[in-house]
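Alright, structures below, take your time with them.
Two complexes come next, and they have one chain in common, subunit A, joined by subunit B in the first and subunit C in the second.
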Partner chain A sequence: MTDLLQLILSGVALGMIYALLAFGYNITFSTSRTINFAQGEFLMLGALTGLTAAVTWKLGYAGALFAAAIVGCLLGVVLEKAAIAPALKTRSAVSWILATVALGIIARNAAERIWGTDDARFPAPLGDDPLTFLGVRVLPQELLVIGAAALIMSGVELFRRKSIWGKAVTAVAADKDAAALMGINVPLVITFSFVLSSAIAAVSGVLVAPLTLAGATMGTLLGTKAYAVAIVGGLQSGLGVLVGGLLLGLSEQFTARYVSTGYKDTPGFVLLIFILLVKPSGLFGKKSIKKV
Partner chain B sequence: MPRALRTLVLVAAAAFLFLPFVTQNPYYVHSVACKVCIYVILVAGLDLVVGYSGDVSVGHAGLYAAGAYTAAILVTKAHWPFLPAALAAIAMGALFGLLLGVPALRLSGPYLAVSTIAFGLIVQTVVNEAEKLTEGSLGIQNIPKLTFGRWNFEGNNLYYLVYPLMLLSLLAVHRVATSYWGRAFEALKESSIAAECSGISRYRYKLSVFVLSAALAGLAGALFIHIDKYVGPTTFSLQLSILFLIALIFGGTRSLLGNVLGCLVVVVLPDVFNRFADYQLMTFGALLLFTLYVLPGGLAGLLRRALPARATAHTTEEAGPDGSETGIRVRKEDGADADAGDLLATERLTIAFGGLVAVNGLDLVIRRGEVHALIGPNGSGKSTTVNLLTGVYRPTSGRVVFGGRPFQNASPFAVSRSGIARTFQNVALFGDMTVLENVLVGLHHTFHGGLLDVLFRTPRAKREEKDARSRALSLLAFVGLDSLAPERARNLPYGKQRLLEIARALAQDPRLVVLDEPAAGLTSGEIAAVDGLIVKLKARGLAVLLIEHHMDLVMSVSDTVTVLDFGEKIATGIPAEIQKDDRVINAYLGTDAHAMAADA
Partner chain C sequence: MRTVSKRVFSLLAAALLAAPAFAADPIKIGVYGPFSGGSSPMGLSMRNGVRLAADEINAKGGVLGRKIELVDRDDQAVNERGAQVMQDLVSNEKVSAVLGPINTGVALASYKYPMEAKVPLLINVSAGAPVNELFKDYPDNYVFRLAAGDPIQAEMIVSEGVDKRKFKKVAVLCDDTNYGQNGRQKMEDALAARKVTPVYIGKFKIKDTDMTPQLQEARKAGAEAILTYGIGPELAQLANGMQKLGWKVPMIGSWTLSMSNFIDAAGPNGDGATMPQTFIQAGASTAKAKQFIADYQKKFTVERIPSAVAAAQGYDSMYVLAQAIEQAGGTEGPKIKASLEDLKKPYAGVIATWAKPFSKTDHEAIHREHVVMGVVGKGEVLPPAK
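Moving on to the complex of A and B:
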């Protein structure tokens, strides 16, 4: 029983990271119908920046989060200007997909040059000693990840629903042309959505790094699984990515425990392909009607 | 292709066969040149998916792995000779391509890209984990020597195997791409719905493009294992899939020369610059970004602009129009239902989108050879009805009976094949294809030769292509666009685009043509031309369903008019009756306006 609870808890912590990244896809997809195929690499850059801030500059964990957020914002602007905006003009899906993929491999190579190719340990702010609840041993960082991720997601949702800026984002998501006619600066809103999405990815890096390791290769797989989560949950649904993230986190932990650790990366992709075949709009997505 | 250029290409291709006589350095011949050839085979296949079909695959390394491992396992563990092992690798690649292609039936853009990434990662994981078969992370070593009887393809001699295979692969891709298959891929890329409504099976051609592409990737994999005599899982990473895409995009899509140049760059560049290894990904990433936004069309596009002379030379030497004057053929009705009953009847046809009932219990009857107009105010369900009749939407209840046979979950493709062709309210042409090619897509159903006919360019394939071209020109002459045949469809003025859509619809040999607002946005002169065209169609025995707002046009050409309002039929009859019908006047002008008109 405690074994099971243990699995569930680690699964939830992992799932929250997937959900956070997927939430970032959700934000940009709603405003521009595009997603960043370099999101995983941005997570990695956030983690490594955070590592430098925390260890080299001795700014502590809060400083690491802050530094990652700043770098995330900058990356978001660069990505939107260099890869997304030109493709939105030509309306070519092939271009933006490949352009963000290109930025991803550039980011990864840059990280290897700056921080080297070895993985480094990221000190956990609350220590590495597990706490014990009802016989279940929990790493404090896992609780931190769950809490912080919940905070970020609910904060963004609140912002989208309550603030006037958030409403501009929602308006652009609903109808770009109508939003532009109402005096909303649509390109600015799109840039902003990429800034927000990239900052969330970078901060997720600092959150997850103490549980894994920080290194140039840490992002690719996480980012790819988060696509799966976003699509499984429904790219347009905030609740969907949360459920999708948890589903994936749990199924990976269970696969690793009961099938084989070698196959722990596969359930997400199997789930993805299955959902795409059965319900392509995702678990929580609405079916759209094609106008002819 | 002009004869001089063709000769030049053939001479250059032949000359490269003698590369091993120029340099015997095994590094250049065995490692570099052979690798380039193998990459070209794969990238030419990838071009079918990305360039022609417009889908991004970031999973081709998985297909490459399927081929490589199949061949490696068969030659080492089952001791098969090279040839059957390579054939098995091609088959295995094709099978994996089928798996990869299934998602492409329903997905596009980022959804498909993500599922191809997932596919590649699953293959890599399986290769790593299925140790009994693949030796896991150790990889398969001791790949036996590659010999055919007295022929030995070891070392530099491998080049004499892979180079001719590369040329053959390029030739195969070229032939498929320039045939009606290639047109089907492009039509589906540009407008999936318009392509299906023109009689192209999305199901068949989307799967085919992935299977063909994957078969080439399988071949490339089978050859690859003979370079290092080793195959291991680390080769087939996500990055390799991205590298293939970089080679394709940088070289230039839809160009054989581009495929070769792109592969040369990605293989040779890291070799030339030794210190470049540390910055390899960054450079390739920058190269890809640069190509996408500064050099669309890649290196091949650059060369094409430098050599503008050859342009569209081949389209001017077409065969002239065929003897049948208009190119229109009305499909013969088959079986017992010929001439019996109505051409088309809907029975209580209903569709609801959520709570909105867009078409409600519609009974519509179209007789053989009549011009039937469907009118009604905006939002009354006219276009929705067209979409229901042509299989674009599935009815919530009720059914459509055409030529005595009910449609059961008919796809737009099946509807087109059974004899209903349509145009679109918002013009849906294949903009990057020429005017002639647009009509050729409509003539897709006249091609009966299979893939082998296309690959070997048999007399049958040639004859079918020639016949289709001459009929397409006749159809263009019929609508008055024959002089614009080599022009790109997107460059036509709006009115001519509408006429081109009609020509494409007529190419399908329909028994019923559905024209969805053919006169919208046209000048009065152009409307008169459409009027004349409809009269000519009727004279040839075609039935026409006309959706239109221009009442002059409707009243002058129609035999029967049906009026819709809020998704329901409010009147049907001959034009003169409809003009006097109170409910119709109310629907268009409102009750008060009618009262005022009566008072006056």
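Moving on to the complex of A and C:
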């Protein structure tokens, strides 16, 4: 029983990481119908910036989070201006994909130049000694990741639903032209969505690095898996990415434990293909009507 | 137009005439390995060891009066990339010999190019690459190794766990690369020879960060020790995962448990990890070895060599190769190969004194007596307790 609980717990922690990154895809997709394929690399840049802030500049974990958030915001602005805005202007369906992928490669190469190619240990703010609940051992950092992810996601959802700014974002998501007619500055809202999504990615980097080690290649696989999560859950739905993340995290752990460690990633991706076949908009996605 | 081509022609002629003046063109030696990614502590240490040796040789006048020029290429630990890099070294750079690589998969994907071009490949780190096994298909074998191969390492790991520490139940945990899976096979063979069946065999992927399922399974099976074959970052996740589960059993594994990225990322959780080593920085006893460490530290401004084994093997492999070229009196592949197989002058290296390290039928320089078991402790690899 404790074995099972232990497995569920580490699956949830893993799933929350995926969900948090996928949430970033969801934010930008809802406003601009584009996503940032460099999201995993932004997570990595956040983690490494945080590492420099926490270890080299001795600003502590809060300093690391803050530094990562700033870097994330800046990256978001650069990304939107350099890769997304030109593509939206020309209504090109592929150029933003290539541009964000390219930006990701640049980010990874730059990180290798600045921080080297090795994986470094990121000191965990609450220590490395596991806590015990009902015989289940859990690292404080895992709880922090689960808690912070839930907080960030519910915070953003609340903002989207309750605040005037959030409503502007929702309006742009629903109908850009109508939103523009209502006096909403659509390009600004889109830029804002990229800033928010990039900042979340960078902050997630600082959250997960104590569990995963920090290094220039840490984001690539996470970015891919988060993308699968976003597709499974539905790119349009905040709840969808949360469920998708948990589904993937738990399926990985359970397959590794009860089937074979070699097939760990299989169920998640089989599910991805299945969902694409039967419900392309994702588990919780609304059917999108493409207007030509 | 005509005047231009005339001028070009005369320039070319002048260049051709001038060529004999550079009689001592450098001897090109290819060096390839992962200089980025999770295997990079080994790749960079190996390259630095080779560089240190080459610089020393050049400072003393080079080989055959010619300077050694290293051509280094990053294979990124990617198999296909290793094949490309090797073709470039052999066909475009026309190197006289090649040193490297680190990763088994890279070695497997690339060894046939030097074999066909009759360019000696002296493997100085990869443990899983075939060497003497190649004689079957290539009687004229151009692959040599100065590193502890998997059969030696697997045997030592199993011997440490089963013979010395008397464990009856062991779990085997390896990564899913060519390296990890070759090692798993060799360890299973060595266990089978002792009539021991592992209670659990698990694997993990490069970049996996959560090893909970594998460790739970091993614990449930009642493992008293885990035997590993992987590289630094994932091995560290295993050590950290054991700490998380509150289940600590000895970790015994291939030499990669000495990598700096294992020791740093595992921190105190990695203490006690035991692995075969050809060279231990903290255990250097000969004057030559101490000098090597001091020179390395000075030249590359580090305290702890990220992978001392790779650095020492890199250094010795460069010297052994230089000695063979000197003895061959030229840089033709077959001549260098013949001298490697019959090295006349013993060379006192940092790992051992190499007197006839290779023969016509044995291309392995390192044997059981060159290897000891190192133990991780206090953030470095310590020599075995006397």
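Assume the second predicted complex is superposed on the first by the 279 of 292 C-alpha atoms of A that agree within 3 Å, B and C clash if a C-alpha of one lies under 4 Å from a C-alpha of the other, contacts with A are read in each partner's own complex, and residues count from 1 in each chain.
Simple rule for what comes next: a residue touches a chain if its C-beta (ideal position, glycine included) is under 8 Å from a C-beta of that chain, and two chains touch if they have at least 3 such contacts.
Quantities reported herein were computed from a predicted structural model and do not represent experimental measurements.
Put subunit B and subunit C next to each other and count what each touches on subunit A; the higher total goes to B.
Applying the stated contact rule after C-alpha superposition, one finds that A:158 touches neither subunit B nor subunit C.
Of the two partner chains, neither subunit B nor subunit C is touched by A:62.
Judged by the touch definition given at the top, the superposed model places A:10 against subunit C, while subunit B stays out of reach.
Of the two partner chains, subunit C is the only one that A:118 touches; subunit B does not reach it.
Of the two partner chains, subunit C is the only one that A:213 touches; subunit B does not reach it.
Legend: residue contacts after superposition of the two complexes on their common chain; A:262 is shown touching both subunit B and subunit C. When the two structures are aligned on the shared chain, A:182 is found in touch with neither subunit B nor subunit C.
Where the contact sets of subunit A with subunit B and with subunit C meet, they give residues 112, 221, 262.
Those residues of subunit A that touch subunit C in the complex are listed here as 3, 6-7, 10, 13-14, 112, 117-121, 128, 130, 132, 137-139, 211-213, 215-218, 221, 253-254, 256-257, 261-262, 264.
Partner subunit A is touched in their complex by these residues of subunit C: 35-38, 40-41, 176, 202-205, 207, 209-210, 212-214, 216-217, 220, 232-233, 236-237, 240, 243-246, 260-261, 264-265, 267, 269. Subunit B contributes residues 50, 54, 56, 58, 102-103, 106-111, 113-115, 117-119, 121-122, 125-126, 128-129, 193, 238-239, 242, 245-246, 249, 278-282, 284-286, 288-289, 292-293, 353, 383, 387, 392, 424-426, 428 to its touches with subunit A in the complex. Residues 29, 34-35, 37, 82-83, 86-87, 93-95, 97-99, 101-106, 108-110, 112-113, 220-221, 224, 227-228, 231, 260, 262-263, 265-266, 268-270, 272-273, 276-277, 280, 289-290, 292 of subunit A are the ones that touch subunit B when the two sit in their complex.
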